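Got some structures for you, see below.
Shared chain: chain A. Partners: chain B in the first complex, chain C in the second.
Now for the complex of A and B:
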């Protein structure tokens, strides 16, 4: 029973990202390297934010404080990834076999966003998943029985959001369109603040709006990447 | 053991562990063109490959002595080819390193035996049983110094043997050590796995399985066999050794050993009088591949000499020649040495398991192409010493033995990034580099940082279901 829960939660959270990885990233070595570099970038940002949280001892129990710094550092490192990728674009093109690697400007944005998101989701969920295997029952002595499922659902939301945020972010800096960047930052804060409601088990109030934000963000990212309703329909037809 | 007959089709079988991966471009014309191209390329377009390695090597390679032909019209085809193996080779190393770490982490988390400390190696006499931190620290440092001395001694012994051309001794030692590893340690591993999962198995079945496993391993490692099989065996062997280290070294000693070995690696490979460097240069001078090596290679190694070191035999096996075999052979030597160390007193006695510490082979080779490459799209391979696999896996396995998966993940990503950076340096500097220092440094930093600072934050966030 616990094993079933483990598999269902891990697939819920990581199923879509794994398929995205397998279909788009795993085939191209340069993308794999960028994805791991982005994961490392997220790790660095999380390390810095943990340092800040750890250092300010009296505020440790107020997670909101740590959370604000975590978001700030994440966005800073997202900007860092943007600078790194734009500067090394020429070099990447050289070492890649795939000569269209620079053709879609947001390709690297997508890959780095996926790396960011996967690392973020992994750090959030992997210990929870490990616990979900062990003997135990949720909600026996209080607390909700939906803990694992809601955590996994939020993790999926965050992974996908991170992917789209990177696309919008990179596109915003490329076009100097600061509205896009503002959207990324504001929606990031919004979703994270919403998740503060989770501790009070108000899951409907936190997960539903988060997914609505995900829908909107995915639409914006789609438009940033040059999509339209025509290309959307085309993507379902046979590949050329 | 080259492929006779149709070399164009020679993709399946590797001449294995003859450790010498041939020089990149036996084709002179090709090399010339590439030399020209290299001159016309700007610096930020360096390739990962090391065609320059050929020219730089002190060996007597005919290619190395090609006079540089003045620039001729650049052929885009060759340029692409030259640059092509950049990212692909990084991934070719990522995958086996990841697999090795996965095996170690899976074993540590499921089989309790490897996390339990009961007996220790003879090389670590200080068992860190005191409750005081300072005592543990000096215990750990003393243990790691002892291990380092043993390793340095073995290296010197190997160099002496190699310079005196006692190839038979080295070969014999190597074969003995891989025998022990494939049979004894695999038996212990299977036994512990069966115990952990409560699976009964009779000795006859076990003997049959183990015999086949071991013999196939010996054949595939020391002779010929399918490439994937060889790679799989090497990964498994590296994982086994890493597990031995994780089990038999006291806690703080493990971390101290990792740090000390990285520094030793740096010193031994890069300083002019460093033992590993001397070995490489000797191998280059003699222009021969040395022993069956314990290097993981991502591609088929064509020019394999037979085990006998006779230069004649070495040279004549494949037509195209191993011109300039240096670095490949050199590394091979190190890895052999690596094995040898391990073999010291491998027979376990009642109270102590005396397995020699593996010698870390820490050479990262620039990619070499098989010598016979009429087809321009031929794969070029990259090699990584098995010692590197082992120490990476020790770090990640030890991190996972504490139960926190965030730490394991952080160390894993840190090591991969370190490997990436090392390969980047390799592409820029184009000479054999130690693969341990950067990755282990990153791994250690992230291990301690994650364990002390990130883990509490991540746990607090996960408990409240706060998502950042």
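Now for the complex of A and C:
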């Protein structure tokens, strides 16, 4: 039964990102490169935050301390990706066979965010998935088997959030609109702190607000990229 | 924000969310069951016996089995997949039903409960070692009638069991309590178990060997280029022998009296084979009698007498008499004992100390211990004259024991090492040249109802350690003094064993010297008390600390007694080494040599050992004690036919690890929810992405414009490079 658990939770957490990858990123080599580079950037940020956690020995058992530093480093590396992409934009356009690249400035932001998110999701969930295969599930020392579903749901939320945060972040820096950047950072802290409630098994209290934040963030990202609810509805009736 | 404010913020946050410790998810899911002993696989020439699981182990839902209704429910009505039956040793008979209906059973977990001791618990066959018994044996598992020695035996030790069985000893009862709590929380509602999270157990005891000894030895011998993968090992260990007078090839022909006992025990479970009533009582009797006789007749008088006593401890007797078959085979070939071999005609009398421990708990409040002697050799016509050598010896023994030991002349011989001698040395045993006598405490069926089992411990022989300190750390207090001082009573097990050992020593003295013993040297019950403690309670004890090799480091961490299971040939167990060194210490001569001098070649007929000694400073002992290999002749004869049944062919499977753990199994609800939401979210994402891509020009009407400045320099460089 728990092999089914493994596959279902993997589908829940990584199904949507993989579909997005397959449809938008996999067709273009430059986008793949950027996505991998962004994933690597996230890895570096995580490495640094783990070094900090390891160095500060007395605070090791306080998850929240490590979490704060992880968020700070992630946002710093997101900014680093922003600088990198803006500097190398010209070169990328040259080597790309896709002449449409860069037509929407935030295209790179989306790809980079997807890479960031996928790597963060993988790190968050792979250990949990490995334990979900075994014959046992949570219950003996507290918790229920729904832990795996909620972990996967939170992971999906974080992956998508990371994608949209990158879009908003890049857009904010391009337009020098510091409200957008503040939204990214504050909502990142908010969602991460919410996940701390999971250890008290208040799963509803952590997932629902996170998905509400996801909805809001996705709408903001949509607006940043130039879309609006009017044009979206019009696309249904237009015949092109 | 100033630094001070940041610190304040961090402190506040820490105070609110303090102590969210990270725990490994694995530790939250699984709880390991420690201290368990598993049933493992042994093979003989024609069958495989015991238990095994698949490579990944066996998983089953916990169900506590209390009575027959429970097993019936498990076999017929239970619906939530294979079950793991948890049953107390007092209800172990229910496992028989599970073995007959194994389809819904993944395994059995059995536990020992001090407040619920079973009235019997033995898993050897009803006729132990039936197929290695001599002719005239009336105990048969297939035919009706006749005498049945091990009446309560289930035979599980020598049968194939379709699922794993693990044993939890009394010291680990908290594991059962843990499982019981888990069961109470999750599995209580028997009728609604499908589709719920249930408390489950996983047992792993994967065995590499299969089919029978012939096949697994062939597989073990096939070597690949680099390594040989062994899948089974023959059972075997060491026999211990000690002669009263030294024997060399040149010394004159003496008539030998062989006095033997078994040293090993067996059980279904790995590492748990206490063997108190099955072996230890006989072992201790033999060692103390040998020690007393060495005092009665010092070695210096060896050339005065024609008779020599050869005390031997056989190992592996539980498995078709491995040790005694090998000794009999070696005597036939003329190679045992290795330094001064016997001829079969040299041995005039063979006295075996058999099953004597079972009745000690029956006579716990009385100071008698009735024994019987089975004598298989005599033809009926010679019985009545009473002039026969063996009847004389029996009379001497009865006199010394202060109680008549009746001789049983026409009964079927109980399981004992004598069977090996009667089969292999039939030339001398059937003609009466080698007389045989078996000392037991029963007549028709064993008094020991825990024969060769995991529960055959010190309680079953009414033994309690007295912990009396030695005089000057060297001398043992005599039995008479102990009783006079009130430290022991006449009804104590230690006193009874010391009386029997004294009787044996005095009777053998009379046999050697020709006159009855009139002195007052007896076996001390204090010595017996210490010996029983060493073999039954804790191997870190006074006697064994003095008897171990002088070079060993300080006392081991006593983790209980050394198990008496014979084990595999390639790994010698400690029990025979203990027994041998103890014999050396108690009977040998102390030489005033230092360690390096002690290692020089001794006089012929002796070995020299550097032991710790009573004051732990090292002492050189010269002794006639030695060890010989107890490996069945089947494994040393080339091209032996393993199906012939002539010799013991027992082997033990190789295994890597055996463990057990308890956890809660999933109900599947979580997987369903995850699958449903996963499919929905993937579908929505796919549709949205597709739609946004297809109509991106319509939707993203006002994109942030590209501000990419095409830098000609850069493009020039790139165009000139060939990628």
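Just a few scattered comments:
Here is the rule we go by: the second predicted complex is superposed on the first by the 230 of 240 C-alpha atoms of A that agree within 3 Å, B and C clash if a C-alpha of one lies under 4 Å from a C-alpha of the other, contacts with A are read in each partner's own complex, and residues count from 1 in each chain.
We adopt the following convention: contacts are C-beta pairs under 8 Å (C-beta built on N, C-alpha and C of every residue); 3 or more make two chains touch, one makes a residue touch a chain.
Quick caveat, the model's predicted, so the values are computed rather than measured.
Judged by the touch definition given at the top, the superposed model places A:128 against both chain B and chain C. Looking at the shared chain after the overlay, A:4 reaches chain C, while chain B stays out of its contact range.
Of the two partner chains, neither chain B nor chain C is touched by A:81. Of the two partner chains placed by superposition, only chain B is touched by A:37; chain C is not.
By the document's definition of touching, of the two partners only chain C reaches A:106; chain B does not. By the touch criterion defined above, A:159 reaches neither chain B nor chain C.
Residue contacts after overlaying the shared chain place A:15 against chain C, while chain B stays out of touching range. When the two complexes are superposed, the chain touching more residues of chain A, out of chain B and chain C, is C. Shared-chain residue A:47: touches chain B; no touch with chain C. Of the two partner chains, chain C is the only one that A:171 touches; chain B does not reach it. Common to the chain B-facing and chain C-facing surfaces of chain A are residues 63, 90-91, 94-95, 127-128, 196, 199.
Against chain A, in their complex, chain B makes its touches with residues 44-48, 80, 83-84, 86-88, 90-91, 94, 404-406, 409-410, 413-414, 416-417, 420, 446, 449-450, 453-454, 456-462, 464-468.
Partner chain C is touched in their complex by these residues of chain A: 1-2, 4-5, 7-13, 15-20, 23-24, 59, 61-65, 68, 89-91, 93-95, 102-106, 127-128, 131, 134-146, 148-149, 152-153, 156, 171, 174-175, 193, 196, 199, 224-228, 231-232, 234-235, 238, 240. Taken together, the chain A residues at the contact with chain B in this complex read 28-30, 32-33, 36-37, 39-40, 43, 46-47, 49-51, 53-54, 60, 63, 66-67, 70-71, 74, 90-91, 94-97, 119-120, 122-128, 130, 147, 150-151, 154-155, 157-158, 191-192, 195-196, 198-199. Listing the residues of chain C that touch chain A in their complex gives 10, 13-14, 17-22, 25-31, 59, 182, 186, 197, 199-200, 202, 661-675, 677-679, 681-682, 684-686, 689-691, 693, 695-696, 698-711, 714-715, 718, 723.
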